[in-house]
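Heads up, there are several structures right after this.
Each of the two complexes below includes subunit A, the first together with subunit B, the second together with subunit C.
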Partner chain A sequence: MTTMSVPASRLGRAWARTVDVFTSPKSGPVLVTAVLFLLMFTAGGVRYRGFFSAATILNLLVSYSYLIVLAVGMSFVIISGGIDLSVGAVLALSTIIAAKLLQLGWNPILVMVLILVATSTLGLLVGLMIHVFEVQPFIATLAAMFLARGLCYIIAKESISITDPVFAWMAKTRIVLGYRMSVTPSVIIALVVLAIAVWVLQYTRFGRTTYAIGGGEQSGMLMGLPTSRTKVLVYVVSGFCSGLAGILYSFYTLSGYALTGVGTELDAIAAVVIGGTLLTGGYGFVLGSALGVLVLGLIQTIITFEGTLSSWWTKIFIGALLLVFIILQKVLTSRRT
Partner chain B sequence: MPDLTPAPDAGASPAPVVDMTGISISFPGVKALDGVDFRMFPGEVHSLMGENGAGKSTLIKALTGVYSVDSGVIRLAGKQVTFSGPAQAQAAGISTVYQEVNLLGNLTVAENVMLGREPRRLGGIDWRAMRRRSAEILQGLHLDIDPGSLLNSHSLAIQQLVAIARAIDVQAKVLILDEPTSSLDGEEVAELFRVIRSLKDRGVAILFVSHFLDQVYEISDRLTVLRNGQLVGEYLTHELLRIDLVQAMIGKELSALEDLGSRIHSAEKEATSAARPATFLAAKAISRKGAIAPVDLTIGAGEVVGLAGLLGSGRTELARLIGGVDHTDSGQLKVNGVPIRLRTPRQAIKHQIAYSSENRRAEGIVDELSVRDNIVLALQADRGWFRPIPRKRQDELAASYIEALNIKTPNADALVRNLSGGNQQKVLLARWLAIAPRLLILDEPTRGIDVGAKAEIQKLVYSLAENGMSVLFISAELEEVLRLANRIVVLRDRRKVADLPNDGLSVDDLLAVIAEGSVDPELESGVAS
Partner chain C sequence: MKNAVGRAVAHRLFWPLVMLVVLLAINVVAVPGFLSITVNNEGHLFGSVIDILRNGAPTLMIAVGMTLVIATRGIDLSVGSLCAIAGAMACSIILGSPTPNAVGTVTVAVLVALALALVLGLWNGFLVSVLGIQPIIATLILMTAGRGIAMLITEGQILTVQSDPFKFLGSGFIVGIPVATIVAAVILALVALLTRRTALGLLIESVGINPEASRQAGVRARGLLFTVYALSAVLAAIAGLILTSNQTAADANNTGLFIELDAILAVVIGGTSLNGGRYSLTGTLVGALVIQTLVTTVYTVGIPPIATMVFKAAVVTAVCLLQSPTTAAALARWRTRSASRAASPRPGEAVVSR
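After this line comes the complex of A and B, so read on.
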């Protein structure tokens, strides 16, 4: 800690406040992530030609819009002190439902609605299992993961390609933002989801109750907050986001495949944790999670730019980064309490 | 049936706002409430009195919708109500401050005050209005803190005041304060009472629970006494003598406390004439950064050393150093003249030093285990898990401690969770006594405990010391420290300010030392170092 107990000057006070913000368990980790992101981006820009540009970021958004949506759902769950291991499998399930039903000639809009309803319902069932039967979230969502992955294989073992014009349009369309800069509609969808999630978590009772459950479910209940309902709804949100992420993923790949997204739940969890959300719940920002996704993407991009490194180095870097962040969180929270 | 003394219904008094009749609630193995009647009048402070396990908390939770009643009727302003949760009770105008601070440390102060009835704008929470409104409420309690700061960046006393701020913000018809003063100092209590009086003038009915009789007599108009889940009676405070009240609560002649007082008094005289006991533990300049400045402390065999000081003076911090919970940054500890190093409580236990935490719920009992398991826990850990204590021995241990400490439990298999606070504390004591420590550190062993259990624990401490066990006794209640301790160490602002032999000290003397830190030279004879 700094030794400035009584900062005399305005500069001193500002410095003290900065230290305070960076060491708070609430805002500290996410700020560290932001700084890290900027450092990586700058370092990449110095090292590689054509790296330091808005296009790099936009490409990240295009490639990882589905992961942003997953991370948004995962943030709700983790902030409430839970975990959702089913998101990767549910993502795969929705790609394969989409591909199969479109192959059968269903209306694409109807297919999307059906997927969102189905995955939200699955989330509801998981939430009820956790709330009513007091099953550990780890176990309940593990069961849902196996269920969803199993269903994938029942629907189709092989990859099914999507030829539906609506889906194809979503994949090909570029929304031009300016000089040589464009994004896919999926990016817009992901950013809208992100904006809604920010608003919900910060400005609604549901959002604040989510934090309350992570901070102390019993206390929240005694304060008269709707903890039971919220706890179930959090998994519905995560189910919905997994379904939506699946739809975005099928826009991106124009196919449905049972083996899609194996381990994606872990990427989502990593993004949320790197984004500054405490795994024990109660603290975190959904914007941080989006930043976490960008950091993960940036690592991947840098390794691609490097050229000589095997892509498995991505995993090693992510692992190391996770470790650092979890230790950082521990240090910040233990110092405060 | 309960013997209701003539209540002041005669004419002027309005209808009760809360009227509970024939309330019964059972838990597995325990009948927590048995046909209890309870009523509250607008503009009145009503104290609910009783020992631990009398059913006070259960009655409160029945009224606030946390528990549903097995039988009986609750009427609110004449209308029968059934609450299925705290939210409904709150909506009906009953707000509660629970014994343990039940707020959310990870949220801001403003949210803790306002959440559940937050001001809204454009369909979302209006944060600016929320901060402004909560700042106003906090200022009403003379609490000048930033409503945007996280709750857990504040001390327990401030958190308690925030809980009260939350409760009084609701347009409450009924305000329930369950042990609101246990973590407040004198000035904060006065502030709270000022608030209570102004709420009273606004016609709010206030249910006040406290183990401090002085406070009960100062603030309340009416008393209801419970014992073992049954109603003893409802009385007007000014008509009931203290001694009668305590008798009603305990249900037996209150010779216990007075008897103990005189016994110790005579023992003190012996002790002062005898030579000082052999030193068991000697601490030289032990310190920990941010917790306590270097302190010297000696504890003799069979000596009870009291630690006195205000909340945050470093009492618990010092106890944790000696108990091996936190490790020292500097200084030296000696047990029987041999230097030791403590890094964990386990090492302390190996040196026969046991630390019983003030935080009974989080650092003491294990909720989900039975009374027996809780009692044998430390002993088993000390033996090592590869040498399990035979079941028969466990049963014997549990039975003997349940009897010796008068633990009120249906049997040794009952979950500790279902016991009252005082009985949980006794289970915790039994756990440490089972390992036969040479030094027992008791951090606030009587906090939130009624007179009867308190007297029992005090008696126990006394007899333990008589049998040669050293005790480091911490309590916010100076009377208690004075009654038990041979020597009193006073801490202030994380420093030791005095080390006084307890001969002829009064509460006022001690208060002066705690407040001023300036010790009368004649009293300073016992100062170590």
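After this line comes the complex of A and C, so read on.
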């Protein structure tokens, strides 16, 4: 380690520990993301009036609660060493199922339950395809993406608006947090999902097995862990989260549309990667993924504040930022060895 | 006899070829004259089969590059964006020149577009081989940023070009055969010759099978990775130029959208594993044809266009499940059982062990 010339000093030890934490492959990347998030937020605050406020963060949460839920599901899959390309299409499918069934006058609670069951079942099928038939996750979830997107078109090609009072209530209600600050119920739901995911990944057998599969499936199996069950279950979790994200998205837009969320799977993957989860699996924090979503949202907000920048700069910035994060993670974590 | 059947079924191209034949058969049943090829008064070949060969050409080119990338245990997600960048670059040059109809202008435009793609491909190669970033992430960067770059070139507009030499690329004919088909065939033949008649293919496979072992054996993985990503990018650019020329317009958002998925599917259907190692260009050709025939089938059979994606999902799932080792093992077991039930004197022979 690159410690000080005065090794015995307390300062030196603290420094060494800081270096250690920042360069560990486990916590380093997510800390770097946190620091960069704060830097971006501060820089934005210096540059634009009215940027540096809790309202900015709350608005991010309101706009991107669905993406947080999506990224949570994706984190499970990526930590287990897989990938799920179907989340964007499944999100669209659940918005359109919601809109269609509500149009037919179904009970909104029943509709939500049905969506969650349907998307979890799709996740289960994908998981079985991957586990039993040894189809690569990339291809199996690609097939699921085609299926979900295709079903969207079959159900309805045009956008259907949602007029159901329960959904409308969810869209309009503001939970007041204090002086001029409020959030939607969706934010609360997303944060609850996040909290549950943190608990599941850190403190349950299922969560630990998920990390073990990503670290080395063979070793996990030899240790007697239920790898097969867990490997299938992570896709069920992802399917469930995509369904829930779709419901949150339909609260947000009050409509269902087949072309919703094209490319959202890439946003979710980018958020997870920026959040410090390694795509090879085994490392990562679900809180990091949520932070990754906020970083993506912050870029969008800064571009909106800038005003003169065209929308295509968003894509270039996200690409560039992805690059910066990955190189930083690489450089920081490789100094250890 | 049984042995021959067993070997045929065990061949990695068996199920994809069956799928191709089934799809063609469906078409022939739906449209009796499906396989017929006619020559029109301009001497151009016409027919559904020619359409499949022409429209499938861009996917095939990209899939050829993708095969080599996948063989090194990589993946290139940026090809769709590269299509858009190449198309945007070429169209903006042609539009900016005073002589859009001159062959020289189009040649310059095409060469600049290919050079730009080469640079971007080297960039992908740099990220993967020098910085050691996982291929899926390294190319995800350009996939995301690439559409932005393409829009930067077109300034957010859809560029429509009126240029005959450029149009020739996508919809022209040489000796009656579509230009796109010829270009794809030449690319496939060149890549096959280059990698199979030299040690290049073997080296690429060795990097994919075991990077560490091949490094210790003296294989320079870095140069190989640069080569495959650069090649993949250039082939994507050629495909992008053909797509753009076909539409006579560069659309930064939609040119080559999802083509990376089709190309990867073609490679996987062709029996090349995403885990790297052994690859089959013949398989990729079959895979690309299956995908294009699938699209054509949707139109000829009259499946409503809205159901296209569900149909595609069904076919992809079917091919993947049939190719899976689990299915192969089950089939082998079933054959052994039926062979021993028939009291064959040599039951062991029917067992296909791979």
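In this section, the second predicted complex is superposed on the first by the 322 of 337 C-alpha atoms of A that agree within 3 Å, B and C clash if a C-alpha of one lies under 4 Å from a C-alpha of the other, contacts with A are read in each partner's own complex, and residues count from 1 in each chain.
Assume a contact is a pair of C-beta atoms (placed from the backbone, for glycine too) under 8 Å apart; a residue touches a chain by one contact, two chains touch by 3 or more.
Source: prediction; values computed, not measured.
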{"item": "Subunit B versus subunit C as contact partner of A:Arg208, first or second or both or neither", "value": "first"}
{"item": "Touched partner set for A:Tyr153, first subunit B, second subunit C, both or neither", "value": "second"}
{"item": "Which of subunit B and subunit C A:Gly216 touches, first, second, both or neither", "value": "first"}
{"item": "Residue contacts on subunit A - larger count, subunit B or subunit C", "value": "C"}
{"item": "Subunit B versus subunit C as contact partner of A:Trp169, first or second or both or neither", "value": "neither"}
{"item": "Partner chain in contact with A:Ile316 - subunit B first, subunit C second, else both or neither", "value": "second"}
{"item": "Which superposed partner A:Gly224 touches (first subunit B, second subunit C, both, neither)", "value": "first"}
{"item": "Residues of subunit A touching subunit B in the complex", "value": "24-26, 199, 202-205, 208, 211-212, 214-216, 218-226, 282-283, 336-337"}
{"item": "For the subunit C and subunit A complex, residues of the former touching the latter", "value": "75, 127, 131-134, 136-138, 140-149, 151-152, 156, 252, 261, 264-265, 268, 273-275, 306-314, 316-317, 320-321, 324-327"}
{"item": "Touching residues on subunit B, where the partner in the complex is subunit A", "value": "66, 85-87, 89-91, 96, 98, 102-107, 111-112, 115-116, 118, 123-125, 127, 150, 152-153, 166"}
{"item": "Subunit C-touching residues of subunit A, taken from the complex the two chains share", "value": "83, 129, 132-136, 138-140, 142-144, 146-147, 149-151, 153-154, 157, 266, 269-270, 273, 279-280, 310-316, 318-320, 322-323, 326-327, 330"}
